[in-house]
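Mind looking over this structure? Questions follow.
When the chains are written out, they are named A, B and C in that same order, and each has its own residue count from 1.
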Amino acid sequence: MAEAAGAAEAAGAGEAAEPGVRRGRVVEGVRAYGLIAGMWIRSTMAYRTSFALTTFGNFAMTALDFVAILLMFSRVDALGGYSLAEVAFLYGLSGVSFGLADLSIGSMERLGRRVRDGTLDTLLVRPAPVLAQVAADRFALRRLGRVVQGLLVLGYALTVVDIDWTAAKLLLMPVTLVSGAGIFAAVFVAAAAFQFVAQDASEVSNAFTYGGTTMLQYPPTVFALDLVRGATFVVPLAFVNWLPASYVLGRPYPLDLPGWVAFTPPLAAAACCALAGLAWRAGLRSYRSTGN
Amino acid sequence: MTDTAGTSETADRAEPGAGAEASAAVDAVAAFIELDGVEKVFDVRKKTGFLKRERRRVRAVDGLSFTVSRGEMVGYIGPNGAGKSTTIKMLTGILTPSGGRLRVAGIDPSRERTRLAHRIGVVFGQRTTLWWDLPLIDSYRLMHRMYRIPDARYRENLDRCVELLQLRDLLDVPVRQLSLGQRMRGDIAAALLHDPEVLYLDEPTIGLDVVSKAKVRGFLRDLNAERGTTVLLTTHDLQDIEQLCSRVMVIDHGRLMYDGPLAGLHEAGESERTLVVDLERELPPIEAPEPARVVRVEGPRQWLAFPASASAAGLVARIAAEYPLVDLSVREPDIESVIAKMYAERAGA
Amino acid sequence: MGTGSGRLYAAVAAGGFRRYATYRAATAAGVFTNTVFGLILVYTYLALWDERPQLGGYDQAQAVTFVWLGQALLAALAIGGGGFEDELMERIRTGDVAVDLYRPADLQLWWLAADVGRALFQLLGRGVVPFVFGSLFFPVALPREVSVWAAFLVTLLLAMLVGFALRYLVALSAFWLLDGTGVTQMAWLAGLFCSGMLLPLNVFPGVLGEVVRALPWSSLLQAPADVLLGEADPLGTFAFQASWAVALLALGRLVQSAATRRVVVQGG
């Protein structure tokens, strides 16, 4: 009996192996992701017309949000003190970051369904990390439509918005986009981890993913302070665009935060990804100890 | 940690596998799959009212101990909810045991899931491991890379599976368009491309037609004979066991109820076959010779139970001679009834 | 016979209601998500009306009410998809619809009943909570007169009819199109854009505003909202919604009979 308990404990420690093995797992994960995503891309490309149409559909659905903003600005000149060009800048940053995260691991939304119908088990018998397999499953290249739409709005914003460009600001742009994608990716993973517990509640993740990007399309000055606090300290979406954009646009920072926070999105992204990874691991462990 | 199977304990059932040379590094008589007091406890929450929930602990697997040697082909049977699937899930590393010791090829499945994955093949009868929307061949190509199967080996294994499982015309068909039997063959091939040392099959013939069943069984038999692949299969179909397995394990309520040859199971359960007789008209129950007896009468149709070991011929001849017979058929005992009988005997003993 | 078939469709509707009622966690998740989106939209609208009071003839409280009404009706009217149409399209694609056609029930009425059942559940299960939440924490403009609430309920019922009729046409397209994804996507786009879900239609500028307000989709959200907010004459709104409902349901019948002939010719 004592031995049994010991075995259970050791098993509970799970796959928390030594660092060398962990690095190996990351490499394995990336490799498996590449293999699976590659397969889906090849299969998508077999039906080019269908791909073009669905990508356009994805683009159009996404563009609807921006049409709403354009309609608003057909009646007003500023929203929360921001001009159309500035709102477009926020929108573009958020749109591209979210688009990249959605393109790469948007499939994680389906985790709850996989738990419910038992197909998650089939992933657990393959020699690759489950996270990578779930993330790459049904890799949908049509989601490029969202990225392209974000890039177009960002491009438009950059041509019309008034920015005193410096090397720091220039450098901050790509860093912001990548960090933003990382933050949104962490949100996708955390939301998926939650679905281990509540399989039917996949819509909750929409509140943070789609809801998050919708919120970030508007200036922080529009929202109640509590909401901005929540989006800064609880789910740190503010690091996706609000904080770096405040620096680039020379605007006052939300919540009177110090100036250097504009350069912290990579840190925020790393912290988010680490936490999301822990949440995922806890979710998977609970699945493997309780089954379904 | 070495790649060889654990040698700490010698198997109590020393049956050398037919193809033990498949992995020369491993002692053929060593236990390949070892379970020692394995337990799996679930917390089941049940809704009892609008917001009320009741928590209950369920022992899905309750102190299970057995060993399987390399090259054995074992049937693992039991009623629904007996703990069969839970055992398979623990053996493949999907589920973590709550207690006890479990080793497959010397590996603790739940701790080293991905390492074990290279050495096992799994087929779930009710859900596919193939990519649903893509042609069969795409899944195979992906397995090739994911399992890092050497090119020549992959081609050889694929050709062999394609030929023996008759998959040639199905390779370019999306999996969702395959029939159940075709898909099952596709799944079995997918599970074997990386030369697994052990193959787990969870209800491999469920829902298949007679022809598909025969194909699948024939293939598995050859696989075991030629390659020495260890096979553990769960099934509801007694014929799967009869035609494939030299050894049967019966599990119920998470415990091992029987472990031995199939013939012994029939004895233990003293299973019965059923003779269904259609007479010309309604008649009183047939006076059959011992130990056959009428168990049911419905209009002109009567059901007679007789021991599975006895021949039906004498009984049929006797009835045909004395009664106006229109039609008859013999029903083989199914696993459920064998097991039910077995319990009845035990309860009586 | 009339009461017999009435009972049949009532049973179908009850089935539609119950089917969605079983997913409690999904419903709770939906309520949460609608509430979060409502929160985000409400602040953008407040900023918009702050900048331009009386925009589109609404005051700030009316704009806030509009947001929460939209979140309450989004799932019920399946404006962004999620109604019966995916299932019907799948049945058409697989040919199972042939079975439905030989049933002693009318295809359109059958699905209408099921969809109304679903809509009623979504309205009660998913719509009420975000709306109450919004009314408690934000300044809203709700009528005191019972008659206005009664008129509002009538507009909701008519909105369900129009919403169904539109999606029925979308679903029937599967008889002619192999892949319905494009049509479904276009239908969502039109629904979100032209119903007022994206932005109240009275805020749309000039001719664009006039056009979208005349289209059937305005029956879904804009019409009930305007009646609730006291901005539109109930009888005129009923007439507008009812005309679209009748026209679209009739068109649905026409398309259905053409589709049925097709099925019969093809032998299913």
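To be clear about the criterion, a residue touches a chain if its C-beta (ideal position, glycine included) is under 8 Å from a C-beta of that chain, and two chains touch if they have at least 3 such contacts.
Computed from a predicted model, the values in this text were never measured in an experiment.
Excluding chain A leaves the other chains in the touching groups B | C.
Chain centres computed from CA atoms place B at the largest separation from chain A. Central chain assignment: A. Criterion: smallest distance from chain C-alpha mean to the mean of all protein C-alpha atoms. The mean-CA centres of chain B and chain C are about 50 angstrom from one another, to the nearest whole unit. A separation of 30 Å divides the Cα centre of chain A from that of chain C.
Per-chain Cα centroids separate chain A from chain B by 43 Å. Considering their complex, residues 1, 3-5, 7-8, 10-12, 14-15, 25, 28, 32, 35-36, 39-40, 42-43, 117-119, 121-122, 124-129, 138, 285, 288-291 of chain A touch chain B. Within the complex formed with chain C, the chain A residues making contact are 50, 53-54, 57, 60-61, 64, 67-68, 71-72, 74-80, 198-204, 206-208, 211, 214-215, 218, 221-224, 227.
Residues 23-26, 28-30, 32-33, 36-37, 39-40, 43-44, 46-48, 51-52, 55-56, 179, 181-182, 185-186, 188-189, 192-193, 198-199, 203-205 of chain C are the ones touching chain A in the complex. Listed in rising order, the residues of chain B touching chain A in the complex are 37, 39-40, 42-43, 60, 86, 89, 92-102, 108, 110-111, 113-115, 117-118, 120, 122, 124, 126-129, 131, 133-135, 138, 141-142, 145-147.
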